[in-house]
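Next come the structures, one after another.
In the two assemblies presented below, subunit A is common to both, partnered first by subunit B and then by subunit C.
Let's turn to the complex of A and B:
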């Protein structure tokens, strides 16, 4: 037994050492830096400990990049809540519709074109949609124009830009929630629906009392995976809007990047990163349990 | 079990009127579902098709109203410019080198670690597994600034080694977690049989896991490659001109006054088309991979 322990840890150690050295050590250093003031563009300023000053600057004042943490957080949360609600709701409705009808045969032909967008680099998707969103020559306003909608300035109108970001995210990730829910519905034993039908349960009651409870775990997994990605959201913002117009779509990830790697204001940049990390940890603490026990159950197959 | 059989028998005996009404609604629902699926298909295929069209349009037709640009003589101009003016082959090659090496490193470290986690009842093994899982959710921005400072000190900025190391930190937790799930799915008898046959643990790894887990490692490798390939912030910070990758090159198509949409479209086609092959190869493993192994179709 003891022998096995040593052997096991030996096999595990290369990966662990790697992750500790290049993941945890920099993280600890980042936390240390967040309590200091230094700027890589201005080494003469030196490094000095400033306590919580970086945090109070980004939380309560207007930092260098021109948008405070709460404002950036609000932008991120709008995108997060908007995207998640749309993805979960539409994905669920689609999955129920398709699983209840013969449209699933039709779907099988299109499956691969639904899966490809999820694998495209978000940076490329962002670039692609910047082209499609163009008011004068883009495809989207052209198609909307066919049904009589006046041109929408998706990227240049600060009141619309967040909808554009949400739409792009939903376009890329709707198939994910849809196909996950579909797999979940297929894993429900058909006897449950049959028994419910015998008891006189209609379409909506069957969904309410059988389908939805079965899918709760999967919804938790989707919220976890997409939620974390949306809090870190950077790639699409970078290529689609570059945080603009002005700073009206500067998500947390984008603001942290700008502070760190355009202004090289190390203390404030790492303070941003620490706060993002705390937010992600809250989400992981709440929803990770859906990912872990789910391993022991099987969905489909 | 008895209830199921009874249930099925009883279901046959539903009165005829209700049956007809149900059939009507069912048909309506089916028509609706077909329309929705076709609509969905349009939403996903039209933008991609439009990009393909744009990539073969003459330059002067790209930024005109779409209704005036439907008939044109196709041209490969943008693909030529992509190579000659934008030197797109360099970032493409860089991406393959960095992601390829990252994938190899992922597999070596990942197979050893996940085998250890599945094979031995390690004290603290569950904790380590969860910790590795939590690392998957770490934001790159949290470690990039310190790494940038170290890299400057050790001369790793704009080197393949530097790029591969960070990309591996970002993808390894995923790989270990996926491989662990796959190895757990292997029947336990395989391990027992190998032990009876006199294999030691390294023997089991070599003669059982490596041949039988080949598909699992293939799937994990493809995902590690894609995650590394698609990463934007890491190369934006760590690479300069000589190790620039594809996503960074994309953000560079913006010129001073106008984006070079023709070249951007051509580059999109070049990078997106191979993904259809990836989808064809991975099929049901795509959802499993994207859901961290939680959803098996």
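Let's turn to the complex of A and C:
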């Protein structure tokens, strides 16, 4: 082997070892475990190979956790679509409005304050909203009551609970889309708006023909990042609803948790995680293919 | 600038360090934490064979033959417990006191939320490891862990400490103590006793002229009378998930129900007792806040103890929160009594047993110290200290001790209710069964299933669990 090659491999090796130990090995082990049965409540039974049984149980039967994979997937997709639509739409509107306003001290303070929800750990956000959503002493129903709205059972009504989860997610992650869109708008050369104004383009035409095409790439990246995040969604659900009432808000991530850490069926729980991983990869491929186009296709201006 | 040679050397050094770290990390679960060489046990550790001699009771200053000399170094033992005042704070206090009294011992406390704790111990059992020397253990796991060879039988230690053992046997209800016996061996000892209690707002009941209900029918009538939402609800309770199972059990057991036949393992959830209990919960739920569908223990505490919207919590796990003024704003208005029975005479009353015990890892290097610590914890003279540090004792003398009752007035009710308590099934599969029953009860409360259908489904799912574990043969 060439001297430079040895040096190259030597330089790479710490990173490679870490990658193998912390990335590749756990993944391979998880895949191996997903074809095995291991119950932590009764470890004396040991680990035994079960072929595709874990996957077939999850996909085609109602597992012990009491919710089927399609039902969990449906809950996850409702949260995913609801959150993404609201976060992107409101984030975009806010970014456009703020970008058109002169940069006063108040505005800078407003921008900074928008960051706060994003800085709080999701588990804390969930716990905080659990109190805020309390019909008896929570702030939200109290304020709604002042304007004559009857108490809403945010987290105990199965017909409302998913709206609550979406609202909490939007509250926390709206600043992210807002900041990304704002940065994108600031990156648009001002000459384009000036030229458009000279040509007689109004506010909405400038948005339609300049702002939105420029932000298309960023929107794709936002959808990708938040989409993956929402499929894995666990911490807010854990602390806010615990997948309930019943299993009304048991997303895929939470169902995997229930399998592994409530029923302690680690093999089946890992199979759940592998399925989520496959799903995320499929969605990433779709997002990457259709939402994040190649560079030359985008900056049309 | 570094030369090429020294650069290569530096990276090789990094590589070696990383490799050593990884190898050490991989080895950790199966090897004991490396104490100084001098503290290594003899080549033939006696961990699984406690000495017949009463060495275990000797303070570590007079080490037993199986232990390294005291002056050789500090014996470090890890105990895994649960987070929360009743568990972690009590364990830390007892460990610190023990460490203070034994200069050559260091008991280290690791506390985790219950699911994490179960998972960590389960992983250690599966790996046949010795990550923990002492284990805070739920009695339902005793059998599985013992069968896996993870727990040390304490029989020889108990024989060697006959007087102390006799005193303990006479002071702990047999049904509490016997939960830690499996296949004629003692694999744990109860350090924490618990069952369900009836918490109620004495001022609210008095103002309405309602006597403390003694049956479930009376409880339902009282809840109806006291119900004045949204300011005051007749009743509160855990109606969510496996917490709902615990509520249901207090009626189910009293009505003569069994989760499964102890001999044949045939499930008995779908039964007259099951239906009575589920239907009664549906009726009671009318007088509870709607949000109780998502309530667990902590929510009852906050809504009854501080928000003050609940008049009664008739089947609540025992605990200090609701009667402790520093934890509940309305503690001085809350009293504790006996859980309702089915019949007026109180003959049909059987409650689910809670509580925990301490077990010893069969692979610990210091079994004598581990047992000595358990003995220290459970000793009659240390119970007041335990209670002062938010512990909840299993000893009846400690539950009725006037000094302790000043700190935790609910102990009197705890002692009274423990007379009626029986263990939930002492096999690991029960942990899945309680989840399944809770989920099916939720389906009834949410109107997704009828009581009959939910109980039938629960029965069938629990059956699947038992078949999968090999305890029951598939039909």
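Keep in mind that, in the parts below, the second predicted complex is superposed on the first by the 263 of 301 C-alpha atoms of A that agree within 3 Å, B and C clash if a C-alpha of one lies under 4 Å from a C-alpha of the other, contacts with A are read in each partner's own complex, and residues count from 1 in each chain.
In this text, contacts are C-beta pairs under 8 Å (C-beta built on N, C-alpha and C of every residue); 3 or more make two chains touch, one makes a residue touch a chain.
The structure presented is a predicted model; accordingly, all values stated were derived computationally and were not measured.
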Margin query: Clash or fit: subunit B against subunit C, after overlaying the two structures on subunit A?
Written below: clash
Margin query: For A:64, using the defined touch cut-off, is the partner it touches subunit B, subunit C, both, or neither? Pick first, second, both or neither.
Written below: second
Notebook entry, point to check: Of the two partner chains, subunit B (first) and subunit C (second), which one does A:269 touch, if any: first, second, both, or neither?
Noted result: first
Notebook entry, point to check: Where does A:163 make contact in the superposed view: on subunit B (first), on subunit C (second), on both, or on neither?
Noted result: neither
Note to self: With both complexes superposed on chain A, which partner does A:7 reach: first (subunit B), second (subunit C), both or neither?
What the structure shows: both
Notebook entry, point to check: Should A:18 be classified as contacting the first partner (subunit B), the second (subunit C), both, or neither?
Noted result: both
Item checked: Which superposed partner A:137 touches (first subunit B, second subunit C, both, neither) -> both
Next item on the list: Report for A:245: first if it touches subunit B alone, second if subunit C alone, otherwise both or neither.
Entry: second
Check: Given the touch rule stated above, what does A:261 touch, subunit B (first), subunit C (second), both, or neither?
Finding: both
Notebook entry, point to check: With both structures placed on chain A, which of the two partners, subunit B or subunit C, ends up touching more residues of subunit A?
Noted result: B
Next item on the list: Could you say whether A:33 touches subunit B, subunit C, both of them, or neither, answering first, second, both or neither?
Entry: first
Next item on the list: Report which listed segment of subunit C has C-alpha atoms clashing with subunit B; options: 167-175, 203-211, 293-301 or 311-319.
Entry: 293-301
Check: Which parts of subunit A are touched by subunit B and by subunit C alike?
Finding: 7, 10-11, 14, 18, 40, 134, 136-137, 260-261
Note to self: Residue numbers of subunit A touching subunit C in their complex, please.
What the structure shows: 7, 10-11, 13-14, 17-18, 21, 38-47, 64-66, 134-137, 151, 153, 155-158, 241-242, 244-248, 260-264
Check: In the complex of these two chains, what residues of subunit C are touching subunit A?
Finding: 4, 8, 11-12, 14-15, 18-19, 22, 115-116, 118-119, 122-123, 125-126, 141, 144-145, 147-148, 150, 230, 240-241, 289-294, 296, 303, 307, 309, 428-429, 431-432, 435-436, 439-440, 442-443, 445-446, 448, 461, 464-465, 469-470
Check: If you look only at subunit A, which of its residues touch subunit B in the complex?
Finding: 4-5, 7-12, 14-16, 18-19, 22-23, 25-27, 29-30, 33, 40, 94, 97-98, 100-103, 106-107, 110, 112-124, 127-132, 134, 136-139, 142, 171, 175-176, 179-180, 183-184, 186, 191, 194-195, 197-198, 203, 218, 221-222, 225, 228, 231-232, 234-235, 238-239, 253, 256-257, 260-261, 266, 269-270, 272-274, 276-277, 280, 283-284, 288, 290-292, 294-295, 298-301
Notebook entry, point to check: Considering the complex alone, what residue numbers of subunit B touch subunit A?
Noted result: 3-4, 6-8, 10-11, 14, 25-26, 29-30, 32-34, 36-38, 40-41, 43-48, 50-51, 54, 62-67, 69, 108-110, 112-113, 115-117, 119-123, 125, 128, 130, 132-135, 137-150, 165-166, 168-169, 172-173, 176, 181, 184, 201, 226, 229-233, 236-237, 246-247, 250-251, 253, 259, 261, 264-265, 268, 271-272, 275-276, 278-280, 286-287, 290-297
